[in-house]
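Shared between the two complexes below is chain A, which has chain B as its partner in the first and chain C in the second.
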Partner chain A sequence: MDRRQFLKTTGLTVAASAAGTFAAPQILRAAEPIRIGLMAPLSGVVAAGGREIVEGFNMYWEERGKKAAGRAVEVIVEDDAGNPDTALQKARRLVEQAKVDFLFGNLLANTGLAVASYVKGNGVPYFIPVIAADDLTQRNRIKNVIRVAGYTASQMPRPLADWALKQGYKRIATISQDYTFGHEQCAGFAQVFTEGGGQIVAQLWNPLNTADFSPYIGQLGDLKIDAVFAMELGADASRFMKQYSDFGLKGRIPLLGAQNFTDQSVIRTLGEECDGIISSAHFAEGSDNPETQKFVKAYSAKYGKMPSLYGFSHYSGAMWVDQVIEQLKGDISNRDVFIDAVLKSQLTNSPLGRPVRFDDYGNPIYDVYIRKVVKNKDGKYWNVPIETYPAVSQFWTYKPEDYLKNPPFSRDNQGIKK
Partner chain B sequence: MASLNLVQILNGLTLAALLFIVASGFTLIFGLLRIVNLAHGALYLFGGYIGYSVTLGTGNFVLGLVASMLFVAFLGLIIDQGLLRFVRGFVLREVLLTLGVAFVLNDIALVIWGGDTFSVQIPAMLRGAVRFAGIYYPTYRLFVLGLGILVFIALWLLLNRTRLGALIRAGVDDAEMVEAMGINIRRVFLATSMLGASLAGLGGTIGGAFLTLYPTADSEILVFSLAIVIIGGSGSLVGAAVGALLVGMLNTIGQVMFPELAYFVIFGPMAAILAFRPLGLFGRA
Partner chain C sequence: MSSTVSAIQRSALGFVLVLVIFGTLPLVVSSYQMSIANEILIFALLAMSIDVLAGYAGRTSLGHGALFGISTYVVIYWTSVYGGSAWVGCLLGVVVATLVAAIFAAFAVRVSGVYFLLLTLALGMIVWGVCLRWTSITGGENGIRGVGRPDLIASPTAFYYATLAVVLLMTFLIWRFVRSPFGLTLRGIRDSESRMRSLGYGTSAHMFVAFTVTGFFAGVAGALYALFNNFVSPSTVQLSQSVEGLLMAIIGGIGTLFGSFIGAAAIIMLENFVSAYTARWQMVLGVMFIVTMIFAPQGILGTLRMLLIRKR
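Right, the complex of A and B next:
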């Protein structure tokens, strides 16, 4: 059913955009619609997450009657197939042929980086609610690439490391997918944990799409550790949790996860193997905040499932940009003015239920929850906050100037204090 | 560098058991019909999804196994009679056709089940871990190991003790001669297609319970199957078993001891065998 709904909305959007392109020259400048190019992986390995990007984004504009500051809003959806080449080609098409006012979306870091380097040259605003590569708001900032309702990879695991220290965990092993997003998240965790006196006993790196985790889990079982920190997303996350529990490690060694590890997109098809896992994130669908619950109810009613991070981030990202367009009374023709207004703005009334603003480097500062996976009253698993770390920035407690002098995180530079 | 222990050896063996179930179907079709059936991975995944849905609907794992085998055997029948029949003998067309079928099946699966990750529910008696020799090991994986051995014995008996098996073996060696003896080789082809496909379906449900089902699971299992058949030699049951053991163990050893070279550890030996023994360890011209 939700798929049919999705096809219908996408079909309508595509049809509407095609009609719009032909009709455009006859319409007066003032009444011209705002065109947004949304890119998401609708095919390939991360297609499920890509669909939720489109769902969250469309849901916001439908609630607003597809209007911003009185101007009609046209969303043109393109499939980036989770592939940087395709993403670049689609971004070009959206900018050069469909003449969009700004770009939105993408899911995988490599697709986002491809589009970012393209817009670096032409100044088209590009909003990235889920592209988390650290350096986009640190060492290699591009002014027109903005993380509305987004985050940097190493930002979220830091509070979790602090929390782990408070639980008295001394020895932790990490396991992560072997690519930039994983390296950066693990490093954020490892840095705070070792600086607080903890020890990272081992770091395991599995290739993306590891079908059989048993060799890794076998190693984790032998390490005599207090907890495991896991950074897996998508199918790898489901498989890891399942096999962790099959091997009897669940209940013996506590499992901590990066925010995407226990995201709805992963745990909605799982059973008790995900119960009780701790993770940290700015969004928790099980938060008792009335604004959050309102959003979760509306999303569930519309799509028949609870929102994932992808749906939430694009809903909020659309909201953030819409609020700036309202503030500019619909005039976004001057890109510099538009971008400055976004960077100075504050997101209000979002599903988070509290205002969000950017730091001086264009990355949002959030109250970050420590979340636990529990069953709700409908018998579905969701993430419930058990503790809150207020105002967590991408620089944690470090001074940005000092922090940026260090080399960027990589597989070999995990920020571990010896 | 981590060392190997009993858990890791069992991991390699259980993966090998699953790979054997899938690759034995692949090698039968490859050996007899001379078709590199690139749809075999898609049949595996489709069978897994069928097994998942039936198990979820009926709550019966065995029913899920049987349903996936029957349904995928039926798919094998359609592919053989509805498509491959028209291009018989043209190797390139056959291979391209099976590749096309793989794409179509995967897209149908994406439409029906979506892109989320599913795992087949297993009965309560197979859940959890057993404790022996000082280690915990998942009961289900031991079950997979047992089933792999059972499938090997059943296939060995089928091939060596029945008339159909004799025909298949004869067909692998010389299909034209079998036809000249007055046997309808097409029927043998068809039976082999269905048998091979049903093994892929069985593998899908078995594997779907511990490796989970997701888009692209098909190509991963297909690549492993190809490696096994190349190492073992096409059409050889013993070759498939030895190939599966090698690939399963090498995969585990590779991931534990040389994580950076995980794929090389499998495909390096495969390339060597291709270079020095092009027909595989147990293949015959």
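Right, the complex of A and C next:
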């Protein structure tokens, strides 16, 4: 190549690439992927639930060909180890290093609250389908922390308390894991039940990871009660049901549970001891709604097990945000516009089979099922709706303004009417 | 005499290295990597506070993570619940951590060896239990959110340099402390407590002061962590925090002070960068500990020092 030829080609290349750079912004916008940071506990005590979060989330994007409004979607998964300090570190990495457009996920309330306090400072949208801490959509709201396809802890047990009153139950004892999520769920139940004329005879609190429930079950057996309300999740739930049945209380005192108590993640490994337990939730894998069944079939085919609440919530959460991205034609560069659009949007075509929208405080309003654990035709236990409470908000029948004047629930403040 | 001079030279080299390496980092790394470096500095200070007891007084503490966390709790509580200024909060945090350290010390001076380990472990667990159960103050499992840093150090770079300045100052104080006659007495107690006592030294009083002073340093690290993390929950005071601080001191080299920087850097970088490639990063960490214990029982810096001395 002689010198002239060299200059010519180099000049052309430089000119072409310069033109490319100037012309690029338009093309790049469409080509640049949407980056999503998903955090879930993949190690530690709640790792099983964490994996289902990732499964549900990925399943949605795979069905959509990993695209939203024509833009490629890139999901970056990080392990928060169920520890708030680790969760914070990972959130920082996702936002500052991986430059994600928004964050998703986390399972334990304390990890979610840690990340929430971080994004409060920098405005990165953060979606929390599982973090249920009441005050994130009540007294300590953060605009860019949004509960897509999520719920508050005290929201779901309220219809169950109402249902219990209708069954003629007068005296109920509660047993719950002794931490905030348990306190809030129990309080939702206790408040509605006592205001309707029922009596909470005793409240037992067991530490997380209780190996032996016999002292608690012994107490429950002596209380002369009409039913027990149990809020346990994970291994505690299976152990409690097993021992409740071993001690002969099953069939003698009806057992009611919070939504996680009879979640698929718990009952898929259990036998008869979970049969007939009543709980309340917005999702029931045994619902005969065709949309729900379509989702349950697809999930079972892909992962060889029925979906849990964790998998369902993240599938639906991804769907909700995707629908908003479509509506904005892929342009989510303006965070305020994006967040406002999410808050005004409705989730349609979800596995619930009916549209879902937010209340004025950013918490979804659901039709809540009273569910019963029964065997399906494959011989597996699942939750089947036996009654529906339409449009249940986090404030139940109270006026939000009045409700928020009360202090938040705790172990000592269970909203019990004296 | 010449060995004293070279010891001072060595420490001066340590200071210069820390200053140069950490001082120039923000010019070359991204903001996320700078936050990692910031965390390394804070945890190096915690590791150093443990190293003073472990390396110079021969007492391995598993309670310093709790002292660290107490300070973090006080700062966050003061600024977010009480609404006070962050500067006063930091001061209070350090004072409270020091006071609690003095209470710990009153118990801990009575024992040594494995009993010291167990006692500090138990005291640390009490702090953790209180933070978990005293929901009305600590927010229980959910912890407390902070309100952000004061304007002066709000930007990550400003806060990074502020941390570096504080940590360097504390390192200097610790260095002076262990090289003082008081520090020499501690070493004497480490080697033979009964002999020191028969020579007329009040060993209990010395241990009491040493423990309380290290509590002060752990408290400073905890206050910095409050400003850094802007959030506190029981996981900040739990046992694994103490263990991590101790492991950092061990990996870097017990009784080397500057080894704490190396140990903190090794563990925190492993946690953050290896975990991006594999969910099994804890196994990598485990293998690293085993390799260190077999091939470099004095820690990274301790072994380097040994090699240098042998070469001469």
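Operating definition for what follows: the second predicted complex is superposed on the first by the 389 of 418 C-alpha atoms of A that agree within 3 Å, B and C clash if a C-alpha of one lies under 4 Å from a C-alpha of the other, contacts with A are read in each partner's own complex, and residues count from 1 in each chain.
Simple rule for what comes next: contacts are C-beta pairs under 8 Å (C-beta built on N, C-alpha and C of every residue); 3 or more make two chains touch, one makes a residue touch a chain.
Small disclaimer: the values here were computed from a predicted structure and weren't measured.
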Side-by-side fit of chain B and chain C on chain A, or clash | fit
Once the shared chain is lined up, is A:G121 touching chain B (first), chain C (second), both, or neither of them?
-> second
Just chain B (first), just chain C (second), both, or neither: which does A:L113 touch?
-> second
Look at A:L233 in the shared chain and tell me whether it touches chain B only, chain C only, both, or neither; answer first, second, both or neither.
-> neither
Touching A:I278, do we find chain B (first), chain C (second), both, or neither?
-> neither
Scan A:G221 for contacts with chain B and chain C and give back first, second, both or neither.
-> first
Could you look at A:R93 and tell me whether it touches chain B, chain C, both or neither (first, second, both, neither)?
-> second
After lining up the shared chain so the two structures overlap, which partner does A:V296 touch, if you call chain B first and chain C second: first, second, both or neither?
-> neither
So, does A:V54 touch the first partner chain B, the second partner chain C, both, or neither?
-> neither
Report the closest approach of chain B and chain C over their C-alpha atoms in the superposed model, as a whole number of Å.
-> 7
Of all the chain A residues, which ones make contact with chain B and with chain C?
-> 43
Chain A partner contacts - residues on chain C that touch it in the complex = 30-33, 35, 39, 135-136, 140-143, 145-146, 148, 229-231, 233, 235-236, 271-272, 275-276, 279, 282
Residue ranges of chain A in contact with chain C within the complex | 42-43, 78-79, 83-86, 88-89, 92-93, 95-97, 109-110, 113-114, 116-118, 120-121, 133, 140, 179-180, 410-412
Over in the complex, which chain B residues touch chain A? Could you list them?
-> 2, 5, 7-8, 11, 14-15, 110-111, 114-119, 127-129, 131, 136-138, 140-141, 210-212, 214-217, 220-221, 251-252, 255-256, 259, 262
Chain B touches which residues of chain A in the complex?
-> 3, 43-48, 51, 204-207, 209, 211-212, 214-216, 218-219, 221-222, 234-235, 238-239, 242-243, 246-249, 265-266, 268-269
